[in-house]
Amino acid sequence: MDDRKNIKMVLNIALLLVICIILWWGQQNLSAFYIRILNLSAVFVVLGISMNLVLGFTGMFSLGHSGFMCIGAYVAAILTMSPASKEIIYFMEPITPLLANVQWPIFPAIVAAGIVSAFFGFLIGIPALRLRDDYLAIATLGFAEIIRIVVTNTITITNGALGLKNIPSVKSLWVYWGIAIITVIILKRIINSNWGYAFKAIRDNEIAAEAMGISIFGHKVLSFTIGAFFAGIAGALMAFLITSVDPTMFRFTFTFQILLIVVLGGMGSLTGSVISAVVITILMEVLRVVEQPMNLLGILQIPGLPGMRMVIFALGLLLVILYYRQGLMGTREFNWDYILDRIDSIRKRGTST
Amino acid sequence: MMKEVLTTDHISMEFGGLRAVSNLHMQVFPDEIVGLIGPNGAGKTTVFNMITGVYTPVEGQIYFNEQNITGLNPAQIAKLGIARTFQNIRLFNSMTVLENVMISKHLRRKTNIIDAVLGLPRYNRERHEHYQECMALLKKVQLDDVANEMATSLPYGKQRRLEIVRALATEPVLLLLDEPAAGMNPNESLELMEFITRIKNEFNLTILMIEHHMEVIMGICKRIYVLDYGINIAEGNPREIQTDQRVIEAYLGVDMDA
Amino acid sequence: MLKIKRGRYITIVAVLIALSMLVVGCGGGAADKGTSDKDQAGDVIKIGVYEPLTGTNAAGGQMTVEGIKLANELYPEVLGKKVELVVVDNKSEKQEAANAVERLISKEKANVIIGSYGSSLAMAGGPVALDAEVPVIGCSPTNPAVTLDNDYYFRVCFIDPFQGTVMSNYATGKLGAKTAAIIQDVQQDYSVGLSNYFEKAFKATNGDASIVAKVNYNTGDKDFSAQLTEVKSKNPDVIFAPGNFLECGILVAKARELGINVPILGGDTWEAEEFLNQVTQYKDIYFSTHFTAEEPVTPVSTTFLDEFKKAYPNKEVNAFAALGFDTYILALDAMERAGSADSTAIRDALAATENFAGATGIITLDENGDATKTAVIKKVMDGKFVYETKVDPQ
Amino acid sequence: MSVDIFLQNVANSITLGSLYALIAIGYTMVYGIIRLINFAHADLLMVAAYIAFFGILIFSLPWYWAFILAIILTTLLGVTIEKVAYRPLRNSPRISVLISAIGVSFLLQNVAIVVIGARPKPFPRPEQLVWNINIGEISFLSLTIIIPIVTFILLAVVMFIVKKTKMGIAMRAVSRDFETAGLMSVDVNKIITLTFVIGSALAGVGGIMWSMQYPQVDPLMGLFPGIKCFIAAVMGGIGSVPGAMIGGFVLGFCEIMIVAFLPALSGYRDAFAFVILILILLFRPGGILGENTVEKV
């Protein structure tokens, strides 16, 4: 058993190394376009797994993710924009003097974004998490919209509908994927800890969980807050990726995209969310061809059908939820044990014959 | 005279004007096994739910080791040392047998989630201790061989046992068993009786149990309370109960082994 | 049993649909490959277009693309090479817009890019182009921030400060308004910005008390009765209500239903049949725009008009098509002047644009890359957009 | 605020409120029976509007035929959605059904975008139904009177079905608890289908009324009324038909009056609706008329 542990550690390190090499290679050789898509998918990875923690592992149907992203994006943007460009951008009403001259480096800003939206997650969680299922869903959706509308109307802080631009641009795969990987590791540790068990226990059977001394409300708030924290970080990343933000980006319809990722990947599987986040983000681009006017083998001419991509995704969502509920991974995770067992069994078969 | 572990000081519960339990005064003393019986719908489970804080009694107080626990939530009460099982088994279906038991250690944790994320030694140590303890428990009840099976994959009898072990893992002083013998045939319930007495002595527990199987009740309970329509119609040792006129009436037409 | 069968049947159908889509997609992909192989040989010049073809800004985007395509059919060649248009949808979403531009630059290798309707989308695309040093020409994003410290973003339309002032002057001068009410969409940068400039200008001429009411609504709202009643109670001489044609169409119609008969003014987004359809039976509705069929300002205007009529016989000529047309021919003109399709060369040529005759008028780009040019004011009359007057930049 | 302005606001509130009420009833019907936020309900409004639109403009049907056709087809669609997307998930976690509902709504919207196009179309108001009414300074559309009447009639009909007919009794049985209803030899599927028939028909009517009041149809037109009306249903006490009615009117009045009395806050109007929702959910989950139930272990 113990050597199995060592093997696994070695394998994990190896895996990390491989990823690093891939990132390094990508940074060198990939075109700006592919790098952007990969970065975007990293953002969606963070979004997907953080929503999965709340939805898949703790069983709380929260649709508030876009709201927390919104907070994160704005915090990061305001903290990192140069005072000079703040002067220009806030041309309707000047920014409050408090924020006018702050200019932080990227990483502290990202962390701050996470903390601030975690704080709001906490505040919102305390009332909202008394609710269940669809009431929780509609309430969190409501909170997300409230956040967005408040952001739209507090012009001296957020510049309202005019949005913010000249946000420092970050392109490096290392930043986005680095953060994505850290997020995965942290969430994986949480899920395999007592706390993770407690979350799952709550999802499986609240009454029993409480009878075993797990404070339901406390753990729900905890999980929700962690989710909000990473949503905020994802928001910050989004801001640095696009370098301009405005409130309309964070409509609740955006949450549905994340939901799509979580469901297709499998509610209760980090691995699933990671895979489907990447796949869906890439498909978003690949499927553009469906919307271009095209001719099949020169015979029949098909006019471009804008919107076809979303039809495909909607169908995908429906089919999965109806006929393949566990999604790509169900609640299974990628783990070495499985692979090693396979190898062993194969070796055994080899020796036995 | 020994101090009582649990006292329900004239507690009552109502659902929409309907009195489920009224004015129940019940005392449980250290290392007793006390039975709580009565026809279906007599309000037995409601009593458990009040003791464990799922419901707050509309009247009366509940004392546990002379501490008033009325109005505490189930988690707090579990921390104080009252554990329970459920009439309809409530295991954590997506988890293995071991994990089901590990959950119960969560309330005895000393480390926090940050330690867990950082994987600090003190967290790993604690985690390892919990693991050891749980495996030991499972060994005691011959479930260690299925530790890594899915809880739901176990046969009915073992699921019942697992539920008891899960309760034991919270290191309780008082254990509430809600129809542990439900759906068992005579010699299964015989085993169960031995099992209960064994764990009682091994973990020096006090046990309060709801049961329909009269032979179980009469076999292992020192004292018995009888509920009918939420009212405590009789209390005493098995012989007294069996001969009590009101009890017989209450059960009249009801098969004693139902 | 039967239900299960039906379930299966549905799955199969759905899967087939999805598959067929994908197959079609791949077919298309193959077709694309064909062309992209060709341009490795470098005998085509690629002009990338990113416009909202779906989502809230769909109408504007589609009208613009019509104009661009028209121009492309008219002038399919430059520097002796074939011009290939690559049109991508940005779904009226920012991250999509950024992706779209990145795609056009590094995947399609576009030499110059056109777009996008909707200033916030343009602002999402801008930085990408700036980093890659590929010039972008905006057709109709009128928010000043778009070209702000971005040397690679140009536009053939005037900007909101000008537009707002023009409308304010028109309200005071021609309509003799002493007081005005503003109804703005707090979620649209366009609406908020324009209202802001109008307010400034109007207060400057008529005093601070002249704006009697300023009420807000949100994108997607359908019921404006409360806001309008509020305005009605203040009975202003004019109402300024810039915003999406989507909301404004209903808003203006509702105002008339409520018996508010004062002139209502708006911005260039109103020039859309969606808007006209809502307000056909009403009058005294004025808005600023970039182009008019009645008063062809340049010979190019007339050619554009004729060609548009030919190409889209049953469509109303509109400013966005005209602007799209202009961006395209300006791009070509810049390449001619640069004598190459090299992006930086094109950029310099664009920056130097002076007195370029476009369909929408004489275009001169200032140091920000913004066009200083004539604004046209139109009004709704007898169910048509009718030319009212034009205002030259001072 | 002068009297006639106030009365004008009242008129506005009635118009908006009765529309909310009309659609909210549909929501509450479905929720009352299968405890599902039928996100697709909002898009049924859109579908109905488009069918009526095409019926009148493309196939140049007389408006009443177009409307009837729209209602019938919408009803069929609603029932099909239930059969295909909700029924298979009847015994699975509520989250899955909810996601399925979101998926359906997502699909309807995007199919509409692909097939009809994203650009909005003007809805032809039949002038037999829509004319302007001026009483002194107050002016409003005939719809301000028609819609409430329609709403009340439909309310009466639904109430009759639920309270008086055998079906209705069965419905209430099902809404309490599937299994027992099943045991009481109630054909649960039949009842649920019937519920969706009523609900979707209401959505059909709602969609038509909505697009006569705000004569513009586009693929996403359902989004906002959808959410607003669900809020209305919750306010009234979800599952309670008269509650939905009241909730609709209350929400309508609140939305109008907040702008009327606090024009400075008009930008927050939509947020306000959500604030009400959340307060209600937290402090009176049963809503204005619904009863608050205790969960038994």
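Points worth noting:
Order as written gives the chain letters A, B, C and D; numbering starts at 1 within each chain.
In this section, a residue touches a chain if its C-beta (ideal position, glycine included) is under 8 Å from a C-beta of that chain, and two chains touch if they have at least 3 such contacts.
The model shown is predicted, which means the values in this text are computed figures rather than measured ones.
Inter-chain contacts peak for the pair A-C, counting C-beta pairs in contact. The greatest centre-to-centre distance from chain B, using averaged C-alpha positions, is reached by C.
With centres taken as mean CA coordinates, the chain nearest to the overall protein centre is A. Distance between chain C and chain D, defined via averaged C-alpha coordinates, is recorded as 35 Å. The mean-CA centres of chain A and chain C are about 33 angstrom from one another, to the nearest whole unit. Between chain A and chain B, the centres computed from C-alpha atoms are 42 Å apart.
Centre-to-centre separation of chain B and chain D, using mean CA positions: 48 Å.
Counting partner chains per residue, chain D shows two or more touched chains at residues 84, 88, 113, 118, 223, 267, 270, 297. Counting partner chains per residue, chain B has residues 54 touching two or more of them. Taken residue by residue, chain C touches two or more other chains at 7, 53-54, 58, 186, 216, 218, whereas all remaining positions touch fewer. By the touch criterion stated above, chain C contacts chain D in their complex at residues 3, 7, 10, 53-56, 58-59, 62, 186, 213, 215-218, 220-223, 225-227, 229-230, 232-233, 246, 249-250, 253, 257-259, 274, 277-278.
Chain D contributes residues 35-37, 84-85, 88-89, 92, 94-96, 98-100, 102-104, 106-107, 109-111, 113-114, 118, 223, 227, 230-231, 234, 267-268, 270-271, 274-275, 277-278, 281-282, 285, 297 to its touches with chain A in the complex. For chain C in complex with chain A, the residues that touch the partner chain are 7, 11, 14-15, 17-18, 21-22, 24-29, 31-32, 53-54, 58, 87-89, 93-95, 98-99, 102-103, 105-107, 120, 123-124, 126-128, 131-132, 143-145, 148-149, 185-189, 191-193, 196, 216, 218-219. Touching chain C in their complex are the following residues of chain D: 1-2, 5, 8-9, 12, 15-16, 84, 87-88, 113, 117-122, 132, 134, 137, 139-141, 210, 213-216, 218, 220-221, 223-225, 255-260, 263, 266-267, 269-270. Considering their complex, residues 52, 54, 73-76, 78-79, 83-84, 86, 90-95, 99, 102-107, 109, 113, 116-117, 119, 123, 127, 130, 166-167, 170 of chain B touch chain A.
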